[in-house]
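Okay, handing you the structure first.
Chain IDs A, B, C, D, E and F follow the sequence of writing; residue 1 opens each chain.
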Amino acid sequence: MPIEMPEHDSRFERGSRALAEIDGEAGERVVSALADIAPDFARYLVEFPFGDIYSRPGLDLRAREIATIAALTAMGNATPQLKVHIEGGLNVGLSRDEIVEIMMQMAVYAGFPAALNGLFAAKEVFDRRRV
Amino acid sequence: MPIEMPEHDSRFERGSRALAEIDGEAGERVVSALADIAPDFARYLVEFPFGDIYSRPGLDLRAREIATIAALTAMGNATPQLKVHIEGGLNVGLSRDEIVEIMMQMAVYAGFPAALNGLFAAKEVFDRRRV
Amino acid sequence: MPIEMPEHDSRFERGSRALAEIDGEAGERVVSALADIAPDFARYLVEFPFGDIYSRPGLDLRAREIATIAALTAMGNATPQLKVHIEGGLNVGLSRDEIVEIMMQMAVYAGFPAALNGLFAAKEVFDRRRV
Amino acid sequence: MPIEMPEHDSRFERGSRALAEIDGEAGERVVSALADIAPDFARYLVEFPFGDIYSRPGLDLRAREIATIAALTAMGNATPQLKVHIEGGLNVGLSRDEIVEIMMQMAVYAGFPAALNGLFAAKEVFDRRRV
Amino acid sequence: MPIEMPEHDSRFERGSRALAEIDGEAGERVVSALADIAPDFARYLVEFPFGDIYSRPGLDLRAREIATIAALTAMGNATPQLKVHIEGGLNVGLSRDEIVEIMMQMAVYAGFPAALNGLFAAKEVFDRRRV
Amino acid sequence: MPIEMPEHDSRFERGSRALAEIDGEAGERVVSALADIAPDFARYLVEFPFGDIYSRPGLDLRAREIATIAALTAMGNATPQLKVHIEGGLNVGLSRDEIVEIMMQMAVYAGFPAALNGLFAAKEVFDRRRV
């Protein structure tokens, strides 16, 4: 991973650990894909969302993934990131059924198409992970 | 509440209980405000979101409110409903600090303006409820 | 109305007639409000949407207002324009009840908050127009 | 179609008829695709949008499809559902040219990219249906 | 290009020149793709965005492409048009690095997924153009 | 400003200088308003958008404000932040007329309502600043 990593950068180290715990290989693939187009953005992605936000103690990772899956399903314009976080949700302890419940609920707030597209994204991830 | 209530309508009854538990008086105010413009929609609002979705056993109300607060903050175009669900979140056991965490996290997925406007909506609700 | 009007500009003339028929005084107020900030934009607004699009024969004004009211309710971030077109819908023959039906239907495609905010905008217009 | 169908459920029956009339086989395919990921959501989809909303007498199906096509084109993040409703519009009597008019009009409210993407989705459906 | 071109239509001529300068072949492909589905819309696309707006003297093309790339990245639901304007930006003098900066900045206003999807669209265009 | 400021935090210091240069008093007001609801978020707001992004050398502040004004106008759901950045644009050298051009151009990408609401926000800021 050819990202410049400043020495003693606790935000980057903390973020790398959080990213690995939540998104696993999928997170690593995103960071790698940025390497030749915007390596600084790969660093920011590790530092701010994961080093600053997901590492805060006030909300556990399970609750954080519920929030992210709900938001990305409702927004409906970020399918690749939604799939990464469906995997993330499974990684931090959400069940397949709980993820389905979140998406069904989004029909209320963002309409049936948003919920349907979320469910079909989930189906793809569940099939690949065989959960 | 001058809404026609079909006899033996368990979806409506179940929805009314869920709406009262989650949104309290704020939910009732929405239903009443619909009475003279779209009374059937008041009934649908009780029946589908609350009677069908929020009453499902697969996800507890705390998790459901995390999802709703996240989605409405990220979408950024439904401030009145966001405020109702900030109250709803407090009613079903989310702390002031947890709601703030959800909104801060939305900066990652929907940008800083969405997070800021969510935080200012929360401030208004917290001040009124003195939490 | 201090907007520069090119001589023999049939798009502008055609658009002015369509704007007057559809939006009445509300349309005029928008055009006037632009006079000192962006007079050219007032001209474009008359020419493209009203002179080009609404003046086309392929769809009647009733159908066009159904489309516009639906879209603005679903998008949820253009309340002033939605109110102008609720008035426009009434002006070209939609009934109060038909406008309410359109908004209720938007709950399916854009969620209940979008439908609710559309209904409350309609209520305001209906009360002012006493329909 | 392994969806549980409650006995005497008039909403489900009414919704199934409306779904068949409007969306034909495309609607059935959506319902089937949900069968193994979220069968309850397939039931809600039949019951609320089609059994409750599309079955209401206050607006004919032609007007309802104008509203839906407009909204989905403007939102721009639900292409699969837009295509289903372009088919639906043709099924309930909209002409190819009327659908094109709706999409061109959306340039005014949601911008040229939304209109272009709607037109290209329509082209695909028209080509497949040879209309 | 089988688009009807009115004689002496200076908006169309001016628009065609602007479209060619900014979007080059990519713009022509969009216009051609519209020829059999909505030829009038191809004309409007040349006339209003390019003949009216991009031809105005108050802002240079470099600044205009910064605005368009930023907006389309933030909206996140118009990837084909974003790619056309990434090419457009390169055509009017933006560097690869400046386009990357714009997209990174959009993380602040529309979230990290919008920025990531913009960066991956840019990567595709840069690879094809070998810049 | 009762925000905790870590010693030797060059991101925070750099961000504070950028925020002061771009947004002036309006930026300070946002930071202060966060003090009692989410002081950590005030720090993140200074550090990531202003310390990391706006402080990067690859794009000058004039170009950055063009991008931000365009994006917030197009998104249409963040009026308070749009007004702050209309001020920011004036502060870093954009003219009143250039800001109006950006907003007019957004009619092409996000529709006329988005452009109109942007223009009316600009009018308010221009009147207050007497530019």
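Note that in this section a residue touches a chain if its C-beta (ideal position, glycine included) is under 8 Å from a C-beta of that chain, and two chains touch if they have at least 3 such contacts.
Please read all numbers here as calculations on a predicted model, not as lab measurements.
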Averaging each chain's C-alpha atoms to get its centre, pick out the one most distant from chain C.
-> A
Counting a repeat as over half of the contact pairs in common, which of A-C, A-E or C-E repeats D-F?
-> A-C
Chain A and chain D have mean C-alpha positions lying a whole-number Å distance apart equal to 31
Between chain E and chain B, distance of the C-alpha-averaged centres to the nearest whole Å | 40
Touching two or more other chains, which residues of chain B qualify?
-> 40, 44, 48-49, 56, 72, 74-78, 81, 100, 104, 107-114
Taking touching chains as linked, do they make an open path (line), a single closed cycle (ring), a hub with spokes (star), an all-linked set (complete), or other?
-> complete
Complex contacts: residues of chain F adjacent to chain D | 74, 107-114
Could you pull out which chain B residues touch chain A in their complex?
-> 48-49, 53-54, 56, 58-59, 63-64, 66-75, 78, 81, 97-98, 100-102, 104-110
For chain E, which residues count as touching chain D in their complex?
-> 30, 33-34, 36-38, 40-41, 44-45, 49, 72, 75-78, 80-81
Chain E partner, complex, touching residues on chain D are 75-77, 100, 103-104, 107, 111-117, 119-120, 122-123, 126
Touching residues (chain side chain F, partner chain A) in the complex | 40, 44, 48, 52, 56
